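One chain, subunit A, links the two complexes that follow: it is found with subunit B in the first and with subunit C in the second.
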Partner chain A sequence: MIDIEHIIELARLYVTEEEREKFKKQLPEIIEFFKNLEELDTENILPIFHTLGVKNVMREDKMRKFEDRELILENAPEREEDFFKVKRVIEEI
Partner chain B sequence: MSIKEIVEGIKNKKIKAKEVVEECLKEIRERDKGVNSFITVFEEDAIKEGELIDRNLEDLKDKKLLGVPISIKDNILVKGKRTTAGSKILENYIATYDATVVKRLKEEGAIIIGKTNMDEFAFGSSTETSYFGPTRNPVDIERVPGGSSGGSAASVSAGFVPCSLGSDTGGSIRQPASFCGVFGLKPTYGRVSRYGLIAFASSLDQIGPFAKNTFDLALIMEVIAGYDEYDSTSLNEEVPEYSKDIENFDIKGVKIGLPDEYFELGVDSEIKDRILGICKKLEEEGSIIERIKLPHTKYAVSVYYIVAPSEASSNLARYDGVKYGYSNRNGKDLIEDYFLTRRDGFGEEAKRRIIIGTFALSSGYYDAYYLKAQKVRTLIKRDFEEAFKKVDFIITPTSPQVPFKIGEILDPISMYMQDVFTIPASLAGIPGLNFPAGRNKDGLPIGLQILGKKLSEREIFCFSFFLEKILEKEVMDHG
Partner chain C sequence: MMDWEVVIGLEVHVQLKTKSKMFCSCSTDFDSLPNENICPICTGQPGVLPKINRRAIELALIASKILNCKINRISRFARKNYFYPDLPKNYQISQYEEPIGYDGYLELPSGKRIGIMRVHQEEDTGKLLHYIGSRKLDYSLIDFNRSGIPLLEIVSKPDIRSPEEAVEYLTFLRLNLIYAGISDCDMEKGSLRCDANLSVRRKGEKELGVKVEVKNMNSFKSVKDALSYEARRQIKLLEKGEKIIQETRLWDERGGVTKSMRRKEYAHDYRYFPDPDLVELEFDEEFLNEVFSKIPELPLERRRRYIDELSLSEYEADVFISNKEASDFFEEVIKGENDKSFFKEASSWILNDLLGILNERKLSFNELKLKPEHLKELVKLKISGKITSKIGKEIFPVMLEKGEFPSKLLKELDMEQIQDEDEIRRICSCVLKENQKVVEDYKKGKKQAIGRLVGEVMKKTRGRANPRAVNEILRNLLESSP
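This part shows the complex of A and B:
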């Protein structure tokens, strides 16, 4: 059974009261809808991860310069010099 | 004007690139209010680009898309421009680089006119979940244009631009192309780079073109397709010149499969009759029509609505209000800021999918849902592999219905069922093209879907081009 309060905690997501009421009704219906997959025996079937079978693409771990560093920083909601600023995470001793 | 006419016209100095751009902008100014296909229009920059082409014409004559105006779905990055993905959380986000597809379009002389409306993060089949309001279908403004690339499809259908780029995860190019009566292609997974596409479901997402005819569609595709070192899932396979020799196609003996599952209950009878009627014509032209079975079709929607939200919930974890986008800083600590930012920044459908996906991936449920779905996905892919041993193409309706009215479908499961005929090809990673197959008795567009085996885009284009010609002939013969 889907425990919405637990899931939204995992997802770091508050929902509005109106959404909570809707989701409480809809989500069990959606999960129920998925139940038809249980009809199939998939014991010996391998799952797909890339549809064309491309896997483990490696590249050299080499730094490349990004042209427009400043553009990235300009998108920051709060910035101090060249840093993204957030609330203090570590307590003062 | 078609792309071909624009490029030839500019090259031969019959028209100026600037005039082509101005004409597009004028149409958008006058008529897009009622359609709402654009979120952002680049008026000044587009005119400047046009002028630049006119001034440097001699050096640019070989460019495949010289002066061609194009609209881009607002989940594809255009450097220095706002890119919203239809969400409040990215309302003021400015892209810091060009998506690979955008870079390639610019290199071939295309002019980006603006960014088109879409369901929030591409979560939807009607373009009604956009933070920027719904797009309306230019064919009938009471109706939806389909989704999630509804703005792109509508911008082409309304005649604002000759072509557009969208993205397709479970049908988001093909279904809106069907609803708006235009051509649209979802390429083979990995054929087009996803670098610079805002991720929804990374194992399914593909960028593809919209246009008003097959030739134009093929031309855009040959510009955007190909390997990209910045997308490790892109395929390192040569790209054919799709538009070249597109008329070289022999229908004699071509085998076309009609899957029983796509013509059963729930399909509008007028759509069914139209598709079967076209197949009869193809038979008269010399092709062989065969009934086939894709037995796992009925599981595809369940598989998709587990896999896609799972991947989406992971991809959307990055929207935390720290580095970019909307940020609510009224929490008691940093963690609570995340909760508040995401509460205010995401719309209802985005939250619904984050919750479904987080659930399907959560401890104790992973094997039962996500892993199970990825296994059934293998069975769906095998269905197609078996089918393509017997036939060259598969033809189906693109959508079981003609466009529905805005606000008509409110229940999530009913909306998810809209993608029933486009999802299987997405799960299998194979290419699919929407061919506009005429109108029903109310004048609403009907879409025919052509599916081919992986990397068969060239064959699909040739086939679609052939079909276009015989249907044009039909119109000329019978008025």
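This part shows the complex of A and C:
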């Protein structure tokens, strides 16, 4: 059983009551459709994570300053001086 | 209390010692202005591509090796999904099924082995500020300088049996990570953080009790205090017949208690999956051998060498290994030397003279003007008899202050040893004349009276004569005169 409410919460989506009803029907159908894959015999096939066959892509530990930092801060929904400003999150006691 | 056994497992996060972040080239400098070290990658802009820092991987491999872990030949990164404002991508790049290392142990100096479950690589999050100075904000501010800094998570098995043992484990783990060059492990700067899982059970019980996660411990002392408190709390509840709730509790340093964390409990549903932006790492023998060949000397190896090869005492060796800066300074001083008296003398200057002064003035070794080569010369002058202990002790503070070679300072201050033997002989004769009574004592067979005379010569020369030479000259003069 798919818990649609849980998925909506995890995705942080705003979903109307109507949409909820719609998704409740659609989502299981989609999952059902994917189950077609299970018909394939994958007995001797190893899982792969990439189709490229590329491995060990790494960079040297070199520092380089990003020059357009102001641009990033400008795009913040809210800022205070050089900080990003968000709704209060309480973590400490 | 006696009937209960405390079971602790620790999760330690350390910041890896790299110049740049884990997946981008931003600086990892701690002393930067807010949001100075940010870029599209570490602020989670759409469409960016992370790229793995090779040095971070090498350090993670070294950590796994020194913690006796098995190494996954193929290692992958995974996305750990959750929403929190300090995490701009809404997922943290971490590792899940294929951590760098797993199933190892750390052997404590006591001989007890603490199992290591896994060693995995991940990235740090941004830093949230809830206060400006002491003013509590009604919003939060974020500094993303820390976002994307490489972290290593080291998870122990629940093998720790007391808060004291937890601190012992942490202390020794930290020392090893510092020596191996993996991390600075500075709790004040947040480059070492520690969370604990703690449960209690009746002695002899096989099953583990319900565990509580304890967070927000900011020093080794608070680890000990928090875990002691938490163990007592759980035992008290169980003795009253109550149940332990599995939860996360925060250590409240001021109140000296752990408190249930009242953060809204998101179902821990991280939906880990392999990060499609990062291809897998495959470590072959050659690569691993090369990385492991660079592992520096670890604390226990150094301790053994100090005792067995340099003939230092166990005490000296212990002080040195617990203070890597002092020990590294010592290494520089003794470089190229192979005389045991040199090691002893150098060790004595550092442990007995230098450390005290540094503690007093709250200085660290890199703030010192005194360089290892300066001390090296002082030790040489001392053991070759070119200066006395007294001169040594006088010149040492000047060396500290000026950061100069002792030979230069001795010349400047007219404290150099008198090389001219005739001059010493002249002073000796003079001393003999002035101390007729002592000379008579000597001649009557009281041979130790010569000590007095040597002392007088040293006083006259302000310690600038070689006592051995003075002794010989005096003896000659005394024996040759009727």
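Methods note: the second predicted complex is superposed on the first by the 90 of 93 C-alpha atoms of A that agree within 3 Å, B and C clash if a C-alpha of one lies under 4 Å from a C-alpha of the other, contacts with A are read in each partner's own complex, and residues count from 1 in each chain.
Here is the rule we go by: a residue touches a chain if its C-beta (ideal position, glycine included) is under 8 Å from a C-beta of that chain, and two chains touch if they have at least 3 such contacts.
Remember, it's a predicted structure, so these values are computed and weren't measured experimentally.
S.K.: I'd like to know which partner A:Phe49 touches here: subunit B for first, subunit C for second, both or neither.
M.R.: Both partners, subunit B and subunit C.
S.K.: Based on the superposed arrangement, let me know which partner A:Tyr14 touches: subunit B (first), subunit C (second), both, or neither?
M.R.: The first partner, subunit B, only.
S.K.: Classify the contacts of A:Ile31 with the two partner chains as first (subunit B alone), second (subunit C alone), both, or neither.
M.R.: first
S.K.: Between subunit B and subunit C, which one contacts more residues of subunit A in the superposed model?
M.R.: Here the partner covering more residues of subunit A is B.
S.K.: Given the touch rule stated above, what does A:Val89 touch, subunit B (first), subunit C (second), both, or neither?
M.R.: both
S.K.: Just checking: does A:Arg64 make contact with subunit B only, subunit C only, both, or neither of them? Give me first, second, both or neither.
M.R.: It touches subunit C, and subunit B stays clear.
S.K.: Touch test for A:Ile72: subunit B only (first), subunit C only (second), both, or neither?
M.R.: Both partners, subunit B and subunit C.
S.K.: Under the contact rule defined above, give the subunit A residues that sit at the interface with subunit B and also at the interface with subunit C.
M.R.: Common to the two interfaces on subunit A: residues 6, 10, 12, 49-50, 52, 54, 57, 59, 66, 72, 84, 86-87, 89.
S.K.: Can you check the complex and tell me which residues of subunit A touch subunit C?
M.R.: That would be residues 6, 10, 12, 49-50, 52, 54-66, 69, 72-73, 80-93 of subunit A.
S.K.: If you look only at subunit B, which of its residues touch subunit A in the complex?
M.R.: Going through subunit B, the ones touching subunit A are 79-80, 93-94, 96-97, 188-190, 203, 229, 232-233, 235, 296, 298-299, 302-303, 305-306, 313, 317, 320-327, 329, 331, 333-335, 337-340, 342-343, 346, 348, 351-352, 354-356, 358-359, 362, 369, 371-379, 381, 412-413, 427-430, 454.
S.K.: Show which residues of subunit A lie in contact with subunit B when the two form their complex.
M.R.: Interface residues on the subunit A side: 2, 4, 6-8, 10-16, 19, 22-23, 26-27, 29-31, 33-34, 36-37, 40, 42, 45-52, 54, 57, 59, 66-68, 71-72, 74-78, 84, 86-87, 89.
S.K.: Applying the document's contact rule, which stretches of subunit C touch subunit A when the two form their complex?
M.R.: 18-20, 24-28, 33-40, 43, 45, 51-57, 76, 81, 83-85, 126, 128-130, 137-144, 216, 250, 252, 259, 261-263, 267, 269, 271, 274, 276, 278-282
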